[in-house]
Amino acid sequence: MGAVSPTAIAVSAGILGGVGLLFAALIALVHRKFRVWEDPRIDVVAALLPGANCGACGQPGCRAFAEKAVAGALAPAQCTVASPDVRADIAAYLGVDVGQATQRVARLLCAGGTDTAPDRADYRGLATCRAAAAVAGGHKGCVWGCLNLGDCAVACTFDAIRMNAVGLPVVIPEKCTACGDCVRACPKDLFLVMPMEQKLLVQCKSLLEGEAAERLCRVACNACGKCVLDAAPGVIEIKRGLAVIDYAKNELAGPEATRRCPTGAIVWVEGAQFAPAAAAGAGRRPLEEVPA
Amino acid sequence: MAELSCHASMMTTSKDAPPREDLAKGLWRQNPVLVHLLGLCPTLAVTNSVANSVVMGVATFFVLVGSSFLVSTVRRWIPNEIRIASYILIIATFVTVAEFGLQALVPDIYKALGPFVALIVVNCIILGRQEAFAGRNPVGRSVLDAVGMGAGFMLALLIMGSVREVLGSGTFLSVSLFGPRYEPWVIFVLPPGGFFTLAFVLLAVAWHKQRQTARARARATDEAVLVERVA
Amino acid sequence: MWRHLKFRHGVHPPTLKELTAGVPIRRVPYPDEIVLPLRQHTGKPARLVVKAGDRVERGDPVAEADGYVSTPIHASAAGTVREIGLWPHPDGSYAQAVRITVDPYSPQAARPRLVPDWSRLGPADLIEAIRQAGVVGLGGAAFPTHVKLAPPKDVRIDTILVNGCECEPYLTTDHRTMVEYPERVHLGLRIMMRCLGVSRAVVGIERNKPDALEAIRAAVPKDLDVSVHDLEVKYPQGAEKMLIKSLLGREVPSGKLPLHVGVVVQNVASAATIAEVFDTGLPLIERIVTVTGRGVRRPANLIVPVGMKLRDLLEACGGLTEDAREVVFGGPMMGLAQAHLDTPLVKGTTGVVVLSAAEVRPQVSYPCIRCGHCLDACPVFLNPQLLGQLAQKERWDEMEANHLADCMLCGCCGYTCPSNIPLPQLFALAKGALRQRQAAA
Amino acid sequence: MMSDLTWIFVSSMVVNNFTLMLFLGLCPFLGVSGKIDTALRMGAANTFVLLITAMAVWALNTFVLPYAPYLRLIAFIIVIASLVQIVEMVIKKLSPALFRALGIYLPLITTNCAILALAIFQTNRSYTFLQGLVFALGSGAGLALALVLMASIRESVELADVPAVAKGTALVLMIAGSLSLAFMGFAGLLSSS
Amino acid sequence: MTDGAATGVAAQTPEPLPEPAAVRPSSLLVTLGAGGAVAGVLLVIAFGLTLPRIEANRAHALHLAVNEVLKAPARYDTLYVVGGALTKTPPPGVDPKKLEQVYLGFGPDGRAVGFAVGAAEPGFQDTIRLIFGYDPRNRKLLGMKVLESKETPGLGDKIEKDRAFVSQFDGAQPPLAGVKGKRAKPTDVAMITGATISSRTVIRTINNALGRLGPLLEAYRTEN
Amino acid sequence: MSAPSLLVSASPHLGAGDSTPTIMWNVVASLLPIVAVAAWFFGPSALLVTAAATAAAVATERVLGHRGTLGDGSAVITGLLLGLTLPAGLPLWMAVVGGVFGIAIGKLLFGGLGQNVFNPALLGRAFLQASFPVAMTTWPVPAAAGTWWALRGDNFAFPFTSPRVVDALTSASPLGRMKFEQQPTALLDLVLGTTTGSLGETSGLLILLCGGYLALRNYLNWRIPASIFATVAVLAGGLHQLDPRYPGALFMLFSGGLMLGAMYMATDLVTSPVTNRGCWVFGAGVGLLVVVIRIWGGLAEGVMYAILIMNALVPYLNRWTQPRVFGARPVEPAT
């Protein structure tokens, strides 16, 4: 054996050619039987999407969004998480309009920072709002209010929440994608995802009224009803110790309703809700020191 | 033919990227080993000396470039269904050629590489490049891409091989570096050392990336300060 | 002796009962105000039947049962309804409550018999009377007693267990009840046996209460099949499942109730209360409470009107000491810490323990070192170590798969953990999260 | 000479464990070792394919390759790939349950270097049919062992607070290195007199 | 809660993509078959081109090894072990490569100097393959060379690299015995500290091979 | 009555005695006598080597670990135990390498105390053994002739250089002598510790005592050493019966690192099972592997590898030996 004899060439070409034929036949068979076709554009769109699977678009995940987008059931702009460039890319790729989506943002229904709403007890234990809330309702005097421990900031996938110096979570509207993580995270149910144009806001959930409410928090809604009088009729109503805004009449709402509020519980918000203090950072407020 | 496990369909450059980018991306930014963790078996197995690493790198480079060239040349005639089977045929041919070549040229190193020359056939990087690039792009770009990826693979092998040989034997290409008093860290030429070395290299890469994102984040904080001023 | 059975695992915390074990029960003076939350029992809160300004006598209903698993609530002192509104609740929230200004200088005379005489009543009427008297379990969970006494038709109850373990450290409510009112315990037991049509009863008492054992043994009526057993001093001997295991050797299947193994468990104080209700004709408006701990000046066992505020009660015991740090409703192992001294005592409050700064669990935790002590402590054989790690990563589903549902939050694991990891707290959170998710689904 | 089947088995399973000592089959080792359950199935499927390979390779070595030695590599890869494909189809047809348990891993295994390496080792060492089978069984058991160990460790490490830089492959490689270090204890097993 | 995101379904719907038609099997067959044939041709050519070099390399390596363990003989013959005896000519119909081979070396004067015998046994990590020279007349070893081993660098690989160890086999008298420390007798081989197993494997391999082949070698000598 | 700010915390409101640092520092204390005896036998070299390993471990924990984790004492244990598994004559720089590797890779990379899979001290030692096999198997003879003060090897070798041969007496360890030369060592020497070996494997009796103290205080799970001892005794005894060339049970138990390994290293809470049944299996596995490696393996000693291999199995054992939940019936066949 050895040299390149014609027989060797023939043998080798024959074997490999034969194997090739066998293979091709096999594959042809398999393909005939189990062929599933899927629009390849779905993969492309899914790859372009941010992949956060956050659900802000109302779909169970990015791929589901891609399927609907390719089918034309959703407009690219409805992925609020994707940057405008990406939305434009998707639109261009599919040959459709970018479409429109109202910008929505998470709002906090409490303004009780550590400066305005005092604690009633020392809480020790797991330094999370959820844990504190489960132990005797937490340390906060107002049991409806923010516990200032920052579960929401930790939960936020988009780094859109910073805790400010008085322990209140500040939502940065530019980063908030309305995914609802904070809504699910807050044990006191203080977040509401709402359109940016709803600017009138009662930043309080305390059901107590009058002095009882104010004793627990300086910025509580004491249900005095002044805002009801100042606002356009029907926009605000007092229910169970709180001023409640009817957002169906949002176009009638204006900043004048906030003018006479004795505590500042009702506000007119443009942009972010509270002042962020970078110094406070994005983490939790430390409760337990690491053992020395 | 079965779909392949390799997740190599990432690592593509967009259609209008400059040719330089086709070539350069494989070297570092999309390094097949350090970033995409492909072809780890040879990366760990044959890198206990620089010479082995280099020879293995060259062999892989040869197969990669050769099959990319061929695949992108004939891609128009290959039906989609037998794409992978054909690629494997092409790759296996090149590998066998490489095997014969090494056996003829550097028999000692061929022996040291053991089965891993033959195993180039199943190296995910190669099939991955055919799937992701050569099967879809013209010859020129495919070859550039293959050269880049091959060089990236060689670079990774060289890094691994250098670390392991220098620490494990105190030599570089069998030239003693630190004199006879150096105590070699034998573990680095042993199997555990292979895992540890790659882990350290990946740690270094991850650390580098983390630093970069930290810097990016610092920039983002400025944004937040801006928001504060608005509020 | 009889079969020697016991439950495995559990812990041995110091019992600390000497502060009040020898102190006879006495009555506290009436406070100026009584606050009766409408949610005092397991089940649906009661429905209000009074309004602000109404006058109520002692024993008058202020709220009626709202549904089957619910009980009425009665005024525990004569006075005027001052307000109905939100008031701090022992669970830490604010809840609807009836505030009653107690008549000053009133003799607090009761209305004549509101509950009928028991001896002529059949089981169904007895159960209804117990329900109307607002009786709930006094062992802690405040489960409406009439529900327990009327098991579904398809289960057969063969034994009543009377739970006299009082395994929580510090508390001596049940202990003093057994020592001072053994006949009432037996009378209550007799009534419950009639309700259930059961002929056998077993009383289980931990061995560290010899006087109670003796008193209860001595008072066993001749005509009843009641046996009294001493049990190992170990926490949580008093937990239903453990008690049933210790006394009868039966294991309540996971996820099932005692009645599935033919048993009803009642606390001794619950038994005594049933007797008292029928004796005096007054519904459940007062209970015996141990006020104890190194943080209170004069520890005592007291008869307290339900709805008395913590502040008033502590004042009646000489007030807090300087180093008082934490006030707990119930025992220190499972009790609820109170953030407010305004919270009222409710029917299920077995005791008030005031811990001094030196006693409270240190509040630094270390990483879990996988010592396995928690596994050795858990009386239901869970793996708290794993559960704890899962909880910290919020992996609720895996916790569920690891039998979180069987955890009774007894606290043994947290007590024994050298790294001081708040395991029961984590588990309570996980249970909450799972419940929330289930509700959402 | 090396006819001792026990030694072949022990050597291929632990002493020269494919994954931990020879760096073969790292793709599944890194990719499918997240959960014990999948690791076990992957291990079983792998062993299965190794056994088939050993038989096929023995047949090739005996009947085909003596006449065309230059086709060794191509023959191996093509025969293995098509055999696996056929087995996959057969299983799918005959036992959908088995297919769900193991079948989905089969395509992954085709392009895994442990399989081809087995073929090459078996050829280089001129194993007999029986030796080949034992070798395949040992290597398969070794791969499964490594996979299951790695999977159970990863499941527990998933609950640990691993520093961010080390998360992912770096940590897995460190664990693999540690396992490999521990397996050095098996060195020389059964080979000393 | 408001649900703002639901505004605006895409103004246009993307063109649906048509499902591509199935391929004809014939094109598959042609492509793969032809490709296979071409690959086969290529391989044979490459094989043919490199084979001479590869065989030369192999022969050279063998030559070096035999030369080393037989102390540079003038020439050597290849003998085959067939049916319990050595023969110069393999029986017809048997692939000679499958037979066990030994090499008989001759000095410049044409007298046989000894046999070179290859053998292998499992060592510390993996099989150790070696070749040794043996002079049956004087019952002495002529030399030993390790051909292949994966022993620990720095420890076990001293069986290849440590001259002091390797040189002991020149003139050693089998059956060999491994000793710790200094060798005292010609049958002794001083083992390498820290690599006892590897050293012992070398010794055992030689002893076993001679136990098996020794009589054959001697018989061949006496016959010829 | 003025309301002080009350504490609210979750139940239980009481805690049982010993905290994690207490346990750790107790282990440290119980190791000190063993270090002292090592120093008695091996002179200043023993102290130097343990100190170097401990300092390296502690420094690594300090630099790379979270703030404040030094106080829990676990790094000190790792360092001390690593030191006790090294030969007295080892260059200090190698001991430092072991300490750094053990803590950095063996512990902190996994997230620090409590989260590691492999015993950090042993991982450090295994790293050293694989890196510097010769230095790691050069055993000085204890209490050899000469002054107590003499170093037992080139402890002060310059970093990254090989140790010079110092004229301290070295010899094979009892296990090596048994395995490779079939020479047994007197049992009394083994029990008292007057044999060669690493620092902490010399006096079985003392280790038994110190470990026993920890077991009594429930700082370690006694089931692990019990199971190891039983398995080794039964297997070794049985093999010895079959073939008297194999060493007997007592030799097996008291030679090499078995005592230290069984008492202090297999029992590391973090890297051993949490379930009691798991501990029995774990111990049996260690015992089995020790005997297999010592008798059929290529190495004279296998305790370190046995423990490391079983460490790798611990997550699986924990799963597998999960106790039956109270009230859970064994799965019944579906009806």
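So that you can tell them apart, the chains are marked A, B, C, D, E and F in the order they are listed, and the count of residues begins at 1 in each.
Note that contacts are C-beta pairs under 8 Å (C-beta built on N, C-alpha and C of every residue); 3 or more make two chains touch, one makes a residue touch a chain.
Since the model is a prediction, treat every value here as computed from it, not as a measurement.
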{"item": "Given chain B and chain D, the chains that contact each of them", "value": "A, E, F"}
{"item": "Minimum number of chain-to-chain contact steps, chain A to chain F", "value": "1"}
{"item": "Chain pair showing more contacts of the two, A-C and B-F", "value": "A-C"}
{"item": "Cα-centroid distance, chain C relative to chain D, in whole angstrom", "value": "60"}
{"item": "Cα-centroid distance, chain B relative to chain E, in whole angstrom", "value": "30"}
{"item": "Geometric centre distance via CA averages, chain C-chain B, whole Å", "value": "68"}
{"item": "CA centroid of chain C to CA centroid of chain F, Å", "value": "49"}
{"item": "Touching two or more other chains - residues of chain F", "value": "6-10, 21, 72, 105, 112, 115, 127, 130, 133, 298, 318"}
{"item": "Chain A residues counted as touching two or more neighbouring chains", "value": "8, 12, 15-16, 19-20, 23-24, 27-28, 31, 120-121, 124-126, 131, 134-136, 138-139, 290-291"}
{"item": "Where chain C touches two or more other chains, by residue", "value": "92, 336-339, 363, 366, 422, 425, 428"}
{"item": "Touching pairs among all chains present in the structure", "value": "A-B, A-C, A-D, A-E, A-F, B-D, B-E, B-F, C-D, C-F, D-E, D-F, E-F"}
{"item": "Chain F contact footprint on chain B (complex, rising order)", "value": "178, 181-183, 185-188, 190, 192-193, 196"}
{"item": "Interfacial residue positions of chain D with respect to chain B in the complex", "value": "20-27, 30-31, 70, 72-74, 77-78, 81, 84-85, 88, 106-108, 110-113, 116-117, 120-121, 124, 164-166, 168-171, 173-174, 176-178, 180-181, 184"}
{"item": "Complex contacts: residues of chain A adjacent to chain F", "value": "119-126, 131, 134-136, 138-139, 290-292"}
{"item": "Interface residues, chain D side, partner chain C - complex", "value": "158-159"}
{"item": "Contact set on chain F toward chain E in their complex", "value": "133-134, 137, 172, 180-181, 298"}
